[in-house]
Amino acid sequence: MSSRSPAGRKLVQAGAFSLLWVSALLSVLVLASVVGYVMIKGIPELNLSFFTTPPRGGLSGEGGISSTIVATLYLVVMTLLVAAPLGIGAGVFLVEYAESMQNRLMKPLIRIARFGVETLAGVPSIIFGLFGYALFVTLMHFGFSLLSASLAGACLILPVVIRTTEEALKAVPQSYREGSLSLGATRWETIRRVVLPSAVPGITTGMILGVGRIISETAVFYVTLGGSYRTPTSILSSGRTMALHVFYLAMETRAFEKAMATGAVLIACIIAVNLAINAVSRRLTAGGGRW
Amino acid sequence: MPEPRMRTIDYCLYYGGFRALNSISMDIPPNMITAIIGPSGCGKSTFLRSFNRMNELIPGVRVTGKVLLDGEDIFSLDVVSLRRKVGMVFQRPNPFPKSIFDNVAYGPRIHGLRKGDSLAALVERSLKAAALWDEVKDDLQKSALSLSGGQQQRLCIARALAVEPEVILMDEPASALDPIATLKIEELLQTLKENYTIVIVTHNMQQAARVSDFTAFLLMDESRAGNLVEFGPTKQIFTTPRDSRTEDYISGRFG
Amino acid sequence: MTGTVSARGRMKRLTDSAMGLVLLGSALVSVTIVLLIGLFTLKEALPAFRDIGLVRLLTGTEWRPGQDLYGLFAMIAGSVLVTLGAIVLGLPLALGCAVFLAEVAPAWVRAVVKPSIELLAGIPSVVFGLFGMVVLVPMVRGIDVPGNAGFGLLSASMVLAVMILPTIASVAEVALRSVPEEYRQGSLALGATRWETLRRVTVPAARSGMLAAVVLGLGRALGETIAMIMVIGNAVMMPEAATSNPLTIFLSRARTLTGNIAVEINYATGLHAAALFATGVVLFVLIMIVNASARALLASGMRRG
């Protein structure tokens, strides 16, 4: 009686589902082969001296990556020093204060602040580089330096930090706040003693995400960090991060083996970052921090 | 009693290790309304969903025993054809985010139309049968989500009717509705039973007494598994229950 | 005694409002940065718009800083073509992957595939660029067409396709997962197969979210810099087909807007620098349009519930 037989429809389903299986497997395969290739080519090049000696320049890219590790670390720390307080502050404001501020002066300000965060999150990184180059490198005379690069990097990760802070704060049960306020604590005391402590794991996740972004970012630092392969000695030193080193090795010296080796280290760092985030969020779901 | 349309024989259902239904044997008479009552958590929904194998969607579900449709084991039937014959209306109205027309036409479109029938005619017939036609006929292209809750529920009934099922399962179809919308659904049930076999789960004792011909009372035992305590004509269940637990329940003596 | 208590109370209230202001300040920093970026880029680009003119800048096909010729059309074409290529190559996989993860995958497969896709979203672009240079470029070089050096739009599109895959897949998967379970149940109870349910109910219900995922991927593709520099050849030229087959246009070398900025900014001065900032403005506007439409799509999806 029906014009479409169940058997035929089952067949269509089987065909469609196999296509979906194939596309998922293919995606994983493609992505895994990129990572796998770099790891397989890179890991055999690794040894202790690769981590402890600086690059010696030269056309075949002799030497290791010690100075680039140092530069990456400096950059990560400096970027967080700028972005963390600003980002956490902004997140706290947007979640804990903005809702309750209804007066005419504040409302548009809050809307503008939200618009700022959203816009910033969509700006492509090279624009941060362009801006950082014009403002910090040139106009403020910081030159190609860790300082210029970390300020530009801070702009880059600010939206990530703000958004994860907001998420973390929103996850704190309202009853905690009410409990504290009902005991006569001010709003700031409530935030400092009750809300922030229970949001620590979530906020930490944001920081780690930021670290990941800085480790992977290349374009911004390509135009603000200068690219010297010497070990940086001050915040005004030029330098190159590991990611930037991969770029220079591949593009300028064509030292692909060394580039692969450095790439493998980079991938390992990103895996570590992911594991750290997973560990933190497991604690988050397991017991909500120390509370 | 006439030959049952559906029946379960020693039917048990397990959610993982938890036995939710314990050895239920029951007959669903044709062209009647059978009500399933019982306290919350006793397995009414689970039992109802057994008739069209909707429980299969939940991972870890295992069943033993038999469920028959017109004497045929439903587990040997193709699940798609089974659900076509045994339709379902859910507790919360769940129209698709499509137009009124597309909601009702959904089933016929996937199953294919009967020869000589037009989609528009079938949609109109179904909406009329669900007593919704007069309220929506002016704009069938309107989004189904813009209807009121009661209208949405009748749309879901129309949607189920459009695939021309034999049995319609309803899980507390009026519990999300106001009294007037509830009344409309109850009236609708009376006209539907001429052509369909209806099984309805309800929490509302008066509703069961008002609308149904047969009533089944489920109750959980010590291990919280649902058991069929009593099944019979509604009148008898509500006036002269054989089991004291049924009497306690319908007279409100326990929860 | 009462005196000290009320003094402390006043102190507390003062701290409270002061902290409110401090936090408001940090919330406004982002907007300040946006404003600064906007103002700065515009100000630095102003000489270019004044001396070259918007139309010549956008439609000029010659970019020769030595002769003060600044036309961005070739780069706009490069960015658009490479993004198009990446979408054509990557979109079917990405959406297939999303649908698979949300609707078809057995739990254990999902538990393996989803985190690995997320991990891959974090792999640095320079690694993808490196892979492109070492593996894809030589492969593409094997295509026998005159002038084909391997570096070019095709290699760049392939690299980009892989890079946007995780972004699109995870956002689209979220969109599919947020479709209420009742819709699926309703459809299955009418006797639809899982595939029919997916195609006729779930995917249409998630449409705007999935579209937003695609647009987000577009934004990422347009903004990608380093990986593009590494494989696209960076030649300032209008991409053109080498043979009568129009598809060979993808074997042409090219340059993206992003690459144009990165490669030249550090040594540019005067009008040249201004023209690079103007490149930034063009890129910024392009991406803002893309992102705004993604937001609008997501919002419209939210409204419909």
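We just call them A, B and C in the order they show up, numbering each chain from 1.
Here is the rule we go by: a contact is a pair of C-beta atoms (placed from the backbone, for glycine too) under 8 Å apart; a residue touches a chain by one contact, two chains touch by 3 or more.
The structure presented is a predicted model; accordingly, all values stated were derived computationally and were not measured.
Asks: Which category does the touching pattern between chains fall into here: line, ring, star, complete, or other?
Replies: Its topology is that of a complete graph.
Asks: Any idea which two chains share the most contacting C-beta pairs?
Replies: Greatest count of contact pairs is found between chains A-C.
Asks: Looking at C-alpha means, what's the farthest chain from chain A?
Replies: B
Asks: Please tell me the distance, in whole Å, between the geometric centres of chain A and chain C computed from their C-alpha atoms.
Replies: 16
Asks: In whole angstrom, how far does the Cα centroid of chain B sit from the Cα centroid of chain C?
Replies: Roughly 49 Å separates the two chain centres.
Asks: Distance from the CA centroid of chain A to that of chain B, rounded to the nearest Å?
Replies: Those two chain centres are 52 Å apart.
Asks: Which positions in chain C are in touch with at least two other chains?
Replies: 193, 196
Asks: Going through chain A residue by residue, note those that touch at least 2 other chains and give them in order.
Replies: 9-10
Asks: Using the touch definition from the top, which residues of chain B touch two or more other chains?
Replies: Counting only residues that touch two or more other chains, chain B contributes 80-81, 110-111.
Asks: Once bound in the complex, which stretches of chain A touch chain B?
Replies: 1-4, 6-7, 9-10
Asks: In the complex formed with chain A, which residues of chain C make contact?
Replies: Per the stated touch rule, the residues are 12-13, 15-16, 19-20, 22-37, 40-41, 44, 92-97, 99-101, 104-105, 109, 113, 115-120, 122-131, 133-135, 162, 165-166, 169, 193-196, 198-199, 219, 222-226, 229-230, 258, 261-262, 265-266, 276-277, 280, 283-284, 287-288, 291, 295.
Asks: Tell me, which parts of chain B touch chain C in their complex?
Replies: Listed in rising order, the residues of chain B that touch chain C are 52, 54, 57, 59, 80-84, 87-88, 90, 92, 94-98, 106-107, 109-111, 145, 156, 159-160, 163.
Asks: Can you name the residues of chain A that touch chain C in the complex?
Replies: 9-10, 12-13, 16-17, 19-24, 26-28, 30-32, 34-35, 37-38, 41, 85-90, 92-94, 96-98, 106, 109-110, 112-113, 115-120, 122-131, 133-135, 155, 158-159, 162, 186-189, 191, 212, 215-219, 222-223, 243-244, 246-247, 250-251, 256, 259-260, 263, 266-267, 270-271, 273-274
Asks: What residues on chain C touch chain B, complex-wise?
Replies: On the chain C side, the touching residues are 107, 180, 182-183, 185-193, 196, 200-201, 204-205, 304-305.
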